[in-house]
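By letter and in written order, the chains are A, B, C and D; residue numbering begins at 1 in each of them.
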Amino acid sequence: MREAVSRHVRDGQSLYLAGFTHLIPFSFGHEIIRQERRHLTLCRATPDLVYDQMIAAGVADRVVFSYAGNPGVGLLHCFRRAVEGGLIEIEEYSHFELLGRLQAAASGLPFWPLLALDNDLTRQRGRPVVESPFGPERVAVVEPLRPDVTLVHAHMADEDGNVYSWGLLGDVREAALAADKVLVSVEEILPVEALREQRDHLLLPGFRVTALALEPWGAHPSYVQGRYDRDQLFYQEWDHLSRDPVEATAWLERFVLAVADRRAYLDLFQPERLELLRRAAGDG
Amino acid sequence: MDESRRRDMAVVGARLLRDRERVLVGVGMPNLAANLAKRVHAPELVLIYESGVIDARPPRLPLSIGDPDLVRTSLCTLPMTDLFSQYLQTGWIDVGFLGGAQVDRRGNLNSTVIGSYRSPEVRLAGSGGAADIASFSKRTLIVMPHEPKRFPEQVDFVTSPGHRDGRVQGRGPSHVITDLGLLDFDERGEMRLVATHRGVTVDEVLERTGFSLQVSSEVGEIPAPTAEELAAYRELAGRPS
Amino acid sequence: MREAVSRHVRDGQSLYLAGFTHLIPFSFGHEIIRQERRHLTLCRATPDLVYDQMIAAGVADRVVFSYAGNPGVGLLHCFRRAVEGGLIEIEEYSHFELLGRLQAAASGLPFWPLLALDNDLTRQRGRPVVESPFGPERVAVVEPLRPDVTLVHAHMADEDGNVYSWGLLGDVREAALAADKVLVSVEEILPVEALREQRDHLLLPGFRVTALALEPWGAHPSYVQGRYDRDQLFYQEWDHLSRDPVEATAWLERFVLAVADRRAYLDLFQPERLELLRRAAGDG
Amino acid sequence: MDESRRRDMAVVGARLLRDRERVLVGVGMPNLAANLAKRVHAPELVLIYESGVIDARPPRLPLSIGDPDLVRTSLCTLPMTDLFSQYLQTGWIDVGFLGGAQVDRRGNLNSTVIGSYRSPEVRLAGSGGAADIASFSKRTLIVMPHEPKRFPEQVDFVTSPGHRDGRVQGRGPSHVITDLGLLDFDERGEMRLVATHRGVTVDEVLERTGFSLQVSSEVGEIPAPTAEELAAYRELAGRPS
C-alpha cells in the first residue's frame, strides 16, 4: 500500500478511486493523504466520503464527478465548503456522461456517443454533437476520461495479480480499464492458481494490474459484499462532524495522519463495531 | 415536515406506481414510496437503482441506493454503464422517480445548486443519474416538500428537463407529489393542482407555490392511507437500516 | 418451441440466432425450417452449421455475418454454394464491426464508433466516418443491427422467464438486447425464485424475454457448458456430407423435416454418443 | 503438405512467441503453434481467442476457438465486445497470429474470397476477427503454406491490412511462416526471405512465390526441432480433441 502509492502516485496527477458505494478504496485515499500528495485531480462518479476527506486534507485542486452527496444522508460538507469558497475547481456530468467518458478511454476512442441530454450542465458545455452518416440523427458525445492512475479495492487476488470481485461493480471495471496504471488493494491474496475456478468473478487480469496490496478492511466505511457491510453509522457520523471544519481536521489527524497504516486505523474502532459489520455481511 | 405529512407523500407516491412497472428509484422519498408500493399493491413492481441493482427486494428501507441489502436480494446487478445504455437509454424504464431541491411550472428539476452555478449559495449534490432518468424514462414522478422557494417561477438550474423541447423520449414528468397535495401537467406541459391532502385548502397550496399555479376544475381530496398502507409504512419507515 | 416460432417468426423477417460456438440455438433453427419460413435475413457473427442447414433448406434470402466457416474444420459448403451460385445475398463485416452493430441497437444509438479499419470490406462500404469534435480524429462507424427477433439458447430459466447462463457468452447478450423480441429455449425451467441466488449468472431479466421454451439438448451439435460438450464429430461429419447437396437435403429430410420435435431428433442419435458428450462436459 | 513440414511450421511459429506475451490466436496452425510455445519455452504465454477466452490452457489441441476445453481452463471469458473494444482496440494484444488463403509482398492477407468478390471462384470464410486483429495488434504473425497462388503479386481481396497506410496501430506483420522457410519485412514493409527449413533451397522458395521475392543477404537455415519441441508437438498434434 505504502509502496504502491509512493511509487505510482505523483503530485498533479489525475486519479480515479473506483467503486460505487461498494468497494470504495478508502485505504488508498488515506495513504495518499498521509503521503501528502498535492494538486491532484480527483475523478469519481460519486466523490463520497473518501473525496470529502481528501479534499479536507488539501490534496485536490479539482474534482470531476457526477453526484457529490453523502448517499442516503445528505451533502458532502467539505466538498461543499471547498466549492462555495472557490478552493477547488469542479467539472460535472450526469452519471451516464461520466460513465461514457470512462468507456471512451477504456475502448481507446476519442469520444463516446449518447443520446442528447438537454439540461443546464450540457448547455454550459456547448453540447458537442456528431451527426450520424446513416440518418438525420445527431448524437451527443463526451470526451474520454483517462486517469493517470485508477485505484481499486476488491475481494481477492492471486499472487499473479489476477483480481476477483462480485456484487455491485458499478464503475469499477470501466474506471480500471480507462487508466494505464491500476493499483489494487484486496481483502485477501491467495496462491497462484487458487482462484482459477472462480473465473466468473474475475474483475481484472493480472497484466492490467500495476501494483497489488494486501489490505483487509481496505474499503471501510464502504463495504465488501459478503465480507463486511457498509458502516451506515459512520456515514451519519461524518455528516455531523464534517459540518465543522475543525472537527473534520481533527478526525483526519486522528484517523489518518496519526496512524501508520490500515491496521492502526482499525484499532481506533471498537472491535464489536467491526464484528457487527462482518456478521451483517453474512455470506451474501 | 411532520411525520404524517411525510407518510402521506409516500402513500401518494406509491399509489402512482402500477404493478409490474419498472421503476428507477432515487434516494430518499422515492425509495420509500416505491418500497411501500411493492409491499402494498404492486408486489411485482421491479425496483431498479441507478447503482445497477435490478429488482431489489430489500427487507428494510435501504439507506443508500448501493446498499448490500439491495444487492443481496436483487435479481442481478449490472455494471452501471449497461443499465444506463441498454435499459434506460433504450426506453425499458417505465417510471423515473426523482426528488430534488426545486421544481418549476414546466417540471424542470434542480438538484445541482441554489444561486448561481459559478458562485453558489448552496452547492447541492448534482445530477447523479437524475438528468439521464428524466431524459429517458417513459414518465417521471417528482416528489418535493411544498414550499414557495422550492416552487419558483424558474429553477436556478435545470438538472433534469421537464416539459420542454429536447427530452429524448417518454412523456416527461407526469406528477409532482408534495406534502400538500398532488399535481399533474396539462396538455401544454404546465403544472396543475389536482388533489389535496385531507385538511389542506387550495388557497394554502397556492400560497405555498412560488409561481401562479393552475388549479384543476375538480380538485379532489386524497383518500386517507388505508390500514394496509399504514402498517407497511410503519414497518418501512420505523427502521431505516 | 413450436408455438414460440409460429407466433413470433414471420416470413421476411430478420433473425439473429445468437451464440458463438457455445449455446447455438439449433433447435430453433430446425423448428423454423419445419415451419417453412421463407425470405428470412439471417444474421449471425458465425453462421456455423445452423445457418448452413437453414440456407440448404431454403429459408434465407440474405445472410449478415462476419465469419462463415465451419469452426476448426473448414468451409460451410451449403453457404458457399449459395453465394457462388448467387442464390443468397450477403452483407459482411469483421467480428468487431458486427458486434458494434449489435451494441448500437442494444444501446439505442444510430451508429457505433470504432477505430477505422482499412481493408477491402470497409472500402466497399465507403468507410463511413464521423469526426471527433474534440480533436483531429476521425472514427469509423457502423449502423445499428436491430433484428426483428433474436433467438437464444441458455442453461436455465425460472418460471418468470429470467434466463441464466455462463461460460462463453460471445455475442448472446448484445444480440438479445438489440432486438425487441427475444425467444429463449433452455435446458431446464425451475420454479419462480429457485435461481435467485445465481444472480451472477443472470443473462436476461424476464421482462426482456418474449417467449420461453423448455428444450433439453436444444443446442446440439453446439454445446452447453457443463451440460454437454460440443459434438466435434458432427461438425466433421457435416463437412463431408454437406459437400453434396443431395446428401445435405437428405440429412435435413431425416433429421429435421421428418421429426416432430427435438425429442424425436435426439432419438436418431446413438444414446451412447449423447451420453459421452454429457459426461465430457463434467461439471465445468 | 507432409506432416514433417507442418510440424516445422508450427515449431517456427512457436519460436517467434516470447514468454508472457499476449497472443490472439486464430484457428488451425496459429492455434497449434501458440499451444506448442506454451508447452515448450513460453509457459506464461497468454493465449487469447477471439471468442473471448482469456489465458486458456487446453489439455489438448482445441478444434475450434470456442471449445468447452478452452473455457474450462481459462482465466475468464469476456463478452466478445469487451475483448475487441477494451483489449484489442486499446493495444493490449502483443501478437495477432493469423492464417489465410493468400498473402502478398506487403503482408496484406486474404481470407475472404478467391476471384472477384461479387462473382467468386471460391468463397472463403471471411474475416471473423482477422481484420480487427491485424489492425490493432502490436505485431502480426502470418502462417501460410508456400505455394505460388498463395503468394500473388496482389491478393484478390485485402481482408487484413499489411504494411500500408491505414493500419491503426502496431507494426503490422512481422513474419510469415511457411513450410519452406521464414520471411520478414524490410523497413519499407516489403517481404523478404530470411531463413529456410533444412533441405530447402532459396531457389525453391523463389519458385514457389508468385511475386519476385527479396532475399536477405544472409539466409540462414532454421534449426531442427529439439527433442522437447518434437515431444510437445506429438502430444498436441497426435490427438486433436
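Just so it is clear, contacts are C-beta pairs under 8 Å (C-beta built on N, C-alpha and C of every residue); 3 or more make two chains touch, one makes a residue touch a chain.
Fair warning: this is a prediction, and the values are worked out from it, not measured in the lab.
Mean C-alpha position of chain B lies 41 Å from that of chain C. Measuring from the averaged C-alpha position of chain B to that of chain D gives a distance of 58 Å.
Within chain A, the positions touching two or more other chains are listed as 108-109, 114-115, 200.
In chain B, 77, 85, 89 are the positions where the chain touches two or more neighbouring chains simultaneously. Taken pairwise by the contact criterion, the protein chains fit none of the simple patterns, being neither a path, a ring, a star nor fully connected. Interfaces, counted as pairs of touching chains, are A-B, A-C, A-D, B-C, C-D. Across the interface of their complex, chain B is touched by residues 106-109, 162, 177, 196, 199-200, 202, 205, 207-208 of chain C. Within the complex formed with chain C, the residues of chain D that make contact are 27-28, 50-53, 62-68, 70-72, 77, 79-81, 84-85, 88-89, 112, 117, 119-132, 135-136, 157-161, 164-168, 241. Residue ranges of chain B in contact with chain C, taken from their complex: 22, 46, 54-55, 74-77, 85-86, 89-92. If you check the complex, the residues on chain A that touch chain B are 20-22, 45-46, 65-69, 71-73, 75-76, 79-80, 83-84, 86, 92-97, 99-100, 102-103, 114-121, 123-124, 167-171, 173-174, 223, 225, 229-230, 232, 235, 280-282, 284. Listed in rising order, the residues of chain C touching chain A in the complex are 108-111, 113-115, 128-135, 137, 139, 141, 143, 166, 200-201.
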